[in-house]
Structures are given as structure tokens and as C-alpha cells.
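Take a look at the structures listed below.
Across the two complexes that follow, chain A remains constant while its partner is chain B and subsequently chain C.
So, the complex of A and B:
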């Protein structure tokens, strides 16, 4: 992206302004709110990955918690079994690698089907992983899970530093950097020839095959990339959370990934990011203030489907078009 | 270039395609006409590899493609459009054509740079659309197009694959009668510019007669007659069974 194109397209100016604003977030938020914000960022990366499959390839996975867990457990297991390698610059590639392996294996099975069959298969496979994580107590900590200590970064050690300080300093900027790269990479993917091929598959798989796209293979590619993004989100999340449990691969958690994507809107590139942010705050406040968290989720889902089928981002963007039309 | 030899496809008792022999020469525009249920679509499906025949052979440039997959046939240069349009509804008209081009050039693995950065492919896509008088609609999605434009776009996609043989199944079905000739004009002028061999399926003789080098009449899975358009118009048997005129 050259400077010329950036200045021609207002979208990139907005992105740039938001990025600059994000640099100042740690000074504006309390540590508690900042942590929440960081949860949101990790889910935003998850949402980007999940939506490559849902929004761009037309496959709804109810088992993406599995890849989140793959990324998260990569971190926790290295902490437990390979502590000398416990530094971010190793942990991130490792989590990408393991979530890629898992998504190749599970994806290979899932992409043979579409629609509800795909969704159910993805869900079943993730529950298989859940059962493993749950049962192999001695390795994975079972339902107690595993603790995730603070990592090192390029030789920098954070020994003696408390987690909140770590999160409001170095780690925030690390997270912001990884998020920005993920954002740019995914933006590139969806607008590339490869991304167009995925959208062609989504729109009409019969014709896609007939213009020479190997539909199944490309679905698998999308699945793999999606799994890696979600795994990356999972790995980054563990440092904020400090603890991983088998629940990450449970379908309820996968359902939350689906929910936040629908909430933001899967038809718009930025939708899942907005959804992830809203979801994080919604969940916290709903859980803190009512016992009816599930009720809140259910009710908002109904509102979404009936009134905002394109999610919050979709509603905002159509409102924007209307306003623009009126003022012209 | 295309040689069909004793091709047969039955669905139970229905003899959809029943021992058809047909050759198409390079650059030739051949129309197949016949009433509904004559077996025209089935023949196109067999040539494009959509379904497999019971027996017989299909040769394309002397290569046996009878049982080749649709994918292989497309790579060899057999392209088709659909009676019921098959488009990519969620992406723009430009991207419908461009994706076909990317696929043709083996570029769909390129996953990081925006499609717009491949300007030669984009220009080629616009040129193709321009051939079909659709360049000004390139930023619309198919939802915003008329039935005639949808048909043309469907063909433009097949065209983008640089097919050596185009199979067009009822290119004007669903198009308002007043637009049918306009649609045929756009299609045939684009095809003639490139000299592509074409098989046009149509149930209405009037629409194709002006555009065809040869007309083949199908009836109940068999070829009843073939020849120059005006010869067919005068053929008594064809008149009686296909046009329903008894003289």
C-alpha cells in the first residue's frame, strides 16, 4: 500500500487515526479496563480468523474453540515442559504451528461437508479435543487447567513484575503490534485473488469448481489460515488471563466466538473486531450485574437476527450510506 | 475440434441423449434447437463433464475426454454457461470475471496483495466486460443487474477462461423478448471477435437462425436434421415436429 493510495482512500486514514488513538489507550484506561480491552483485542484477532471462514468462505464452524485452545495450550505446555523456551518470540510461532497442525487435521475432515454438516463436524471434533484436555489430567491439568506465567521477550525478563504492570506496559504494545499485523495480513488476504476465490466458493461452489477452483482444497486453505489466526488469539489471550482450562475447547466457548462475530456483523471486514470489543464488555457487565448472562446472550441474539441481521457494523454502515444520501 | 461419437445417456426409460453423432469445426457457430425435453441440456452436460454418458465417446482435439472431470475439460478449453444462471452473487461484476481470469492464470494462490494490484488482469477483465457492453456495470453486484445482463455476465465468465469451445445453454431464456436480440448481438459479436467455436442451445429457432453457421435439430434425444439455417426452416419434418406447422 503506497502513500498515494492511503491518501486517496479515506478508509486507510481512519485506520491510521484509530491506530494512533490505540497507542494512548494505556494512559486513558484504568488497569482493570485496560485488561478488559486486551481481552477484546485478542478476541478481535480470533474474530478476524473466524470470519475468513464464515463471512468469506461461507462455512459456519461451531468448533473454533479447538484452535483457540491449541494456541493457548501451546503456551501453557511450553511453560510446563520446556520453560527454557518460554519467551514470546518462540511462543507465538509455536502456537501458530500447533494450531495450524490441528486445523489441518480437523479441517481435512470438516471441509468434505458444508452447511450444518460442516458445523456439527467442527463441533464434534472440538469436543474430542475437549475430552482429551479434560481427561489427561497429568499432562493438561484437566478441569483445573494450567497456570500461565509471564513470558520473556527478546531476553527481557519480567520477573518480579506483577501481571497488571506487565499488561499495561510492554505487553499492551506487543499485543497492539500483533493485532495490527494480523489486521493488515487479513485485509490483504480477503482482497487478494485468493480471497476472491474463497468468496466465489462461498457464493456458488458449483460455478467455482467450473472456473477451475479446487473447492475442497481452497476450503481447507481457508480453514488452516482461520485456525492459525484463532490459535494466535488464543496464545495472546493466555498472558492476559494467566490460566488455561479445557473449557476453551468446549462448544459453549466456540458459540461465543460465533456470537461475537454475528454481533459485529460477518458481512463487513471490521465487523468481528467491533463484535469482539462489544462482546467483551457486554459479557463482563451482564455477568457482573445479573445472573442471567445466558438470557442476555439469547435475547440479544434474537434482536440481532430479527433487527440487525448484518450486525452492529452492518447497521452503522447502512445508516452511514443513508446519511450520505440525504446530505448529497 | 469436437467430435461426438455415438453418445448415449438414458435416465431410466427416458432416452435423453440417444446415439448422437456430431462434429464441430474450429470457429464454427452451431445452434442446437429442439422442444423442451429434447435432450439439449443433457448433451451440454455430457460435453462439459457435468454428467457421464452410458456409452459413446467425446473427442476434443482428438483427445478422449468422455470421462474427464469438468476441471480437466476447462483446462483443455471447454467452457460453458448455464440455462439457470450460475454467478457469484456477493462479489462485483468485475470480480466475477477477474476471479475466472486469476484462476485461468493459476494466480488464485496469491494471498497477500490486493487483486487491484494485478492491473493487467484487471484491465483484461474490463476489456472482456467491454466486449459484452458491460464495462460500466463492473462495480455493481449481480443483484443490481437485469436478467439479460446476468446472462451475459454468465457467458463473460466462461469467455474469460479462454475457452476454445463455448457451450451456451439457452443464453436468452428468462430475458425479456424485446431484449433477446440485443443480448444475442452482444454475445455473438464478442465470440466472433475471438473466433471461438460455439454451441448455442435454444428452443426458439428465430433467435439463433441469424447467428448460426449450422443448425442442428434435436428431438427425443436424436438428431432429426442439420444444415444451414434456411435449409432447416424449410425442412418439412422439422416444421411439423418442432415448429408445429403442418403444411
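So, the complex of A and C:
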């Protein structure tokens, strides 16, 4: 997209303004709120990746927690077994690599199917990883999980610095940088011919095949890319959380990823990002105020499915078109 | 020892058969994968444990086994309410919404269970203890496990006769084959769907109630059976009763021999076998 087009499209101006505002977030929020915001950003990356599969390819995976866990455990395992390589510039590519490998293996089995069979299969495979992470206590820490220390970045060491300080300083800007790159890359993917082909597959598989798109292979590519984004989100998440457990690969966690995406609206590119942010705050709010937080989250989900099927972003955008029509 | 492992395999299979039968009936007739199926199983377990503890030894032993039916009844009632209030609106919606709605119900029910029965474990081993043990080929084996197998066998035969011989069963099969055509022929889809959902839920509740004399009911009780039920459904083929039977036997025996031979990796082994079957036969063993 050329500079001229960018200046014509108000969307990019809004993106730029939001980006500038995000630069000042650490000064505005308390450390607790900032940490929450960072959780939100990592899930936003997850949502971007997940939506390539759900919103653009039309495949609903109930097992994307597996790739999240793959990213997160790559970090934790390197911390445990290869401490000399424990620096962000190695950890990020490593987590991308391992989540890619896992999504190739699982994706190969899953993309032979669509619809409900695809969902159950993705779910079952993620539970396979869960079972492994849970049972191999000596390697993965089992149900206790693994602790994740602070990494180094380009030789910068954060020894002696406490986690909150690390999170509110360098790491926030690192996270913002990775998020912005992921955003631009995903934007590029969905508007590329490849992205259009995926949408054609979603809308009509038979027609897509007839015009020469190799449906199954493209689905696998989408699965791989989506797995990598989710793995990246998982890797970045570990540093905020400081601890990984096998639960990340449990299908209930995968369900939360689906929930976020729907909450924001999977028909809109930015939807999952908004959904991730709202979900992070909603979950924390519910957990902080009642021990029955699952009830609150579940009830919200049911209401959402029944009355706001296009998510928050969808509702806002349809409201916007209505207002526009009236003023015209 | 092989006799015992075989019997254990049959016992696991019997329970899984009840769970996956319910899952499969709902999936076949309504096209909806019920993620809250495990919670219905848990509800069956909790109510049965609660009733058994409440009436204790005050009733004749025979009656104690009748109380196990309370799981079937309550899960059926919850299923009825669920179908009437929520699932009903989902038939015309896409897969994403159907799955997410049942996921929402799952979270809701987990906390409802927590509200009613709290976080403690419910022990109700009376029906198990009363039956004692039998001698099978020189090995001692709990009679209760045989009782569970018998119940599952009866339930399976009942469902099979019901589906193949009665008018109601044939109508349900007609819906699962072609929903639109069935509507065109004048079948009352709404009422039949409710019936299928209640039947499926009840079977889950019955399975939960049958388990509770052997293991205490706890929070998160339905998570593992749900996943195993999914594997059975995937391996056996979506919406196939024969598939549910063969799948349950396969999973049951894999578990029982897996626990005996490779206790560490018994669950991954199960997934591995399921994965191999799916790569060779993607639609499942008896899938359409």
C-alpha cells in the first residue's frame, strides 16, 4: 500500500494515533493496570492469529491453546535446559519455530476435515499435548508447571530488577513493537491474494477449488500461520505471567481464545484485538468480585451469542453505518 | 491378571458407551456437539452421591440401586431446561455459535455445581460395598463393576431396539438423515429435538451416577469423560451408534491395558491410536 493511499484512508491515520497513544500508556496506568494491559496485548496477538483461521478461512479450532502452550513452553524449557540461550532475540524465533512445527503436525491431520469434525479433532489433539505436558513431570514440571525468569535482550541483562519494573519499562515497548509488526503482517496477509484465496475457500469451497485454489494446502498454510501467531502470543505472555502450566493446552483455555475472538467480532479485522482487551478486563473483574467468575463469564457468553452475534466491534460498526445513513 | 485387565477394559467401555451414546444421539439428531455434556455427567454424579448419602442405610439395599436413577432424572431435567431455553435458538445458527453457546453453558453449570454442592468431595460407596466381590478364574473382582456393565448393556439394547423398532426412534433417525425432508414430511422437529436432547443428557447423568460409588464426586468431575467421549465419537464416526460401541470398546481396552503396561503414557497412547485410525480412515470407523 503506497503512501498516497495511506493518507487517503482514514483508517491508517486512526491506527497511527492509537499507536502514538499506546506509547504513553506506561505513564498513565498504574503497574497493576499496565500488567493487565500487557496480558491484553499478548492475547490480541493470539486473537489476530486465531481469526485468520476462524474469520478468514472459516475453520473453528477448539484447540489453539496447544500452540499457545507450544510458544510458552519453548520459553520455559529453554530457561530450564539452555539458560545460556535465554535471551529474547533467540526465544522469540525459537517459539515461532516450535509452534510452527506443532501446527504443521496437528494441522496436517486437522485440515482434512471441516466444520464440527475439524473442531473436535483440533480439540482432541490439543488434549494430547496437555496429557504429555501433564504426565511428563520430570521434563515439564507436570501440574506444577515451570517458572519463567526474566530474559536478556540484546546483551542487556535485567538482573536485580524486579518483574514489575521490567514489565513497565523495556518489555512494554518490546511488546508494543512485536504487536505492531504482527498487526501489519497480518493486515498484509489478509489483504494479499493469499488472504483473498482463504476468504474464497471460506465462502465456497467447491468454487474455490474450481478456480484452481488448492483448498487443503491453503487451509494448512492458514493453520500454520495462525499457529505461529498464537505461539508468539504465548511466548510473550510467559514473561508477563512468570509461570507456565499444562492448563494452557487444556481445551477450556482454547475455548477462552474462541470466546475473545467472538467477543470482539470475528467478521472484522480489528475485532479480536478489542475482544482480547475486553476479555482480559472482564475476566479479572469477575474473578476479583466473585468466586463464581465462571458463571459470570459463561452467562456473558450466552448473552453475547444470543443478542450480539457479531461481537462488540460488529455492533459498533453497524451502529456507525446507521448513524451515517441518518445524517446523510 | 489379563482377565482383570479385560474386565476393567469392559467396565471403562461400558461407562464410555453411555456417555458417547448420549453425545452421539444429540449430535446425530440435532447436529450440535454439546460441550456441556461432561457437566451433565457431573450433575448426575453429584445428585446420586447426595441422595445415597442422604438416605444412607435407612432403605433396603435394592432401593439404593434405584436411587442411581436420580442421576438420569436430574440430568434429563437440566437437559430439558437447557434445550427449551437456549439450544432451541441455535438450530439455524452456524457452528461457531452452537459450540460457543454450549461452552457458555458448561462454564455456567460448573459454577452452579459449585454453588449447590460446594468444593468438597462426595463419597457414596455404599452400593459398591454392598455387592461385595466375586471370584473370576481365581481373581477377586468387584461385583459392582459387573453390575455397571450389565446396566450399560441393557441401556444399549434398549436404545438400539428403540431406534430401530419404535415409531419415535424411526422419526429421530429420519431427522438425523435429512432434517429438511423430515420437516417436509410433517414431523414435529421441535418436540423430537427436545426429546433427543433429554435422552442424551439423561444417559450422561446415568453414567455419572454409576461412577460415583467407585470414585468420589469432585469439582471438574466431567472434564475427562467428556474428552474420552469425544475420542470415542471421533474414532467411531459422527452420529453412529455402532461406532459409539466399537469406539468405547477400543478406548476402554486401550485405557485398561495402557494403565497396566505403560502407566505414564496411557492417555497419550490413546490419542496416538485415535490419530492413526483417523489418518487411515478420516471419517472414523463407522462414519457416513
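Keep this in mind: the second predicted complex is superposed on the first by the 327 of 328 C-alpha atoms of A that agree within 3 Å, B and C clash if a C-alpha of one lies under 4 Å from a C-alpha of the other, contacts with A are read in each partner's own complex, and residues count from 1 in each chain.
By our rule, a contact is a pair of C-beta atoms (placed from the backbone, for glycine too) under 8 Å apart; a residue touches a chain by one contact, two chains touch by 3 or more.
What you are looking at is a predicted structure, and each value in this text was computed from that prediction instead of being measured.
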{"item": "Clash or fit, chain B versus chain C on superposed chain A", "value": "fit"}
{"item": "Which of chain B and chain C A:121 touches, first, second, both or neither", "value": "second"}
{"item": "Which superposed partner A:131 touches (first chain B, second chain C, both, neither)", "value": "second"}
{"item": "First (chain B), second (chain C), both or neither touched by A:212", "value": "first"}
{"item": "First, second, both or neither for A:313, with chain B first and chain C second", "value": "neither"}
{"item": "Between chain B and chain C, more extensive residue contact with chain A", "value": "C"}
{"item": "Touching partner for A:251 - first (chain B), second (chain C), both, neither", "value": "second"}
{"item": "Chain B, chain C and vertex chain A (Cα centres) - angle in steps of 10°", "value": "80"}
{"item": "Touching partner for A:232 - first (chain B), second (chain C), both, neither", "value": "neither"}
{"item": "Shortest CA-CA distance in Å separating chain B from chain C in the superposed model", "value": "15"}
{"item": "Chain A residues touching chain C - in the complex, by the definition given at the top", "value": "54, 60, 62, 109, 112-113, 115-117, 119-121, 123-125, 127-128, 131-132, 135-136, 251-252, 255, 258-259, 262, 266, 291-295, 297-302, 305-306, 309"}
{"item": "In the complex with chain A, residue positions of chain C that touch it", "value": "27, 31, 33, 35, 86, 89, 93, 95-97, 99-101, 103-112, 114-115, 223, 227, 230-231, 233-234, 238, 264-265, 267-268, 271-272, 274-275, 278-279, 282"}
{"item": "Partner chain B, residues of chain A touching it in the complex", "value": "185, 188-189, 191-197, 199-200, 202-204, 206-214, 218"}
{"item": "Footprint of chain A on chain B - complex, ascending", "value": "48, 70-71, 74-75, 80, 82, 86-91, 95-96, 98-100, 102-104, 107-116, 118, 157, 160-161"}
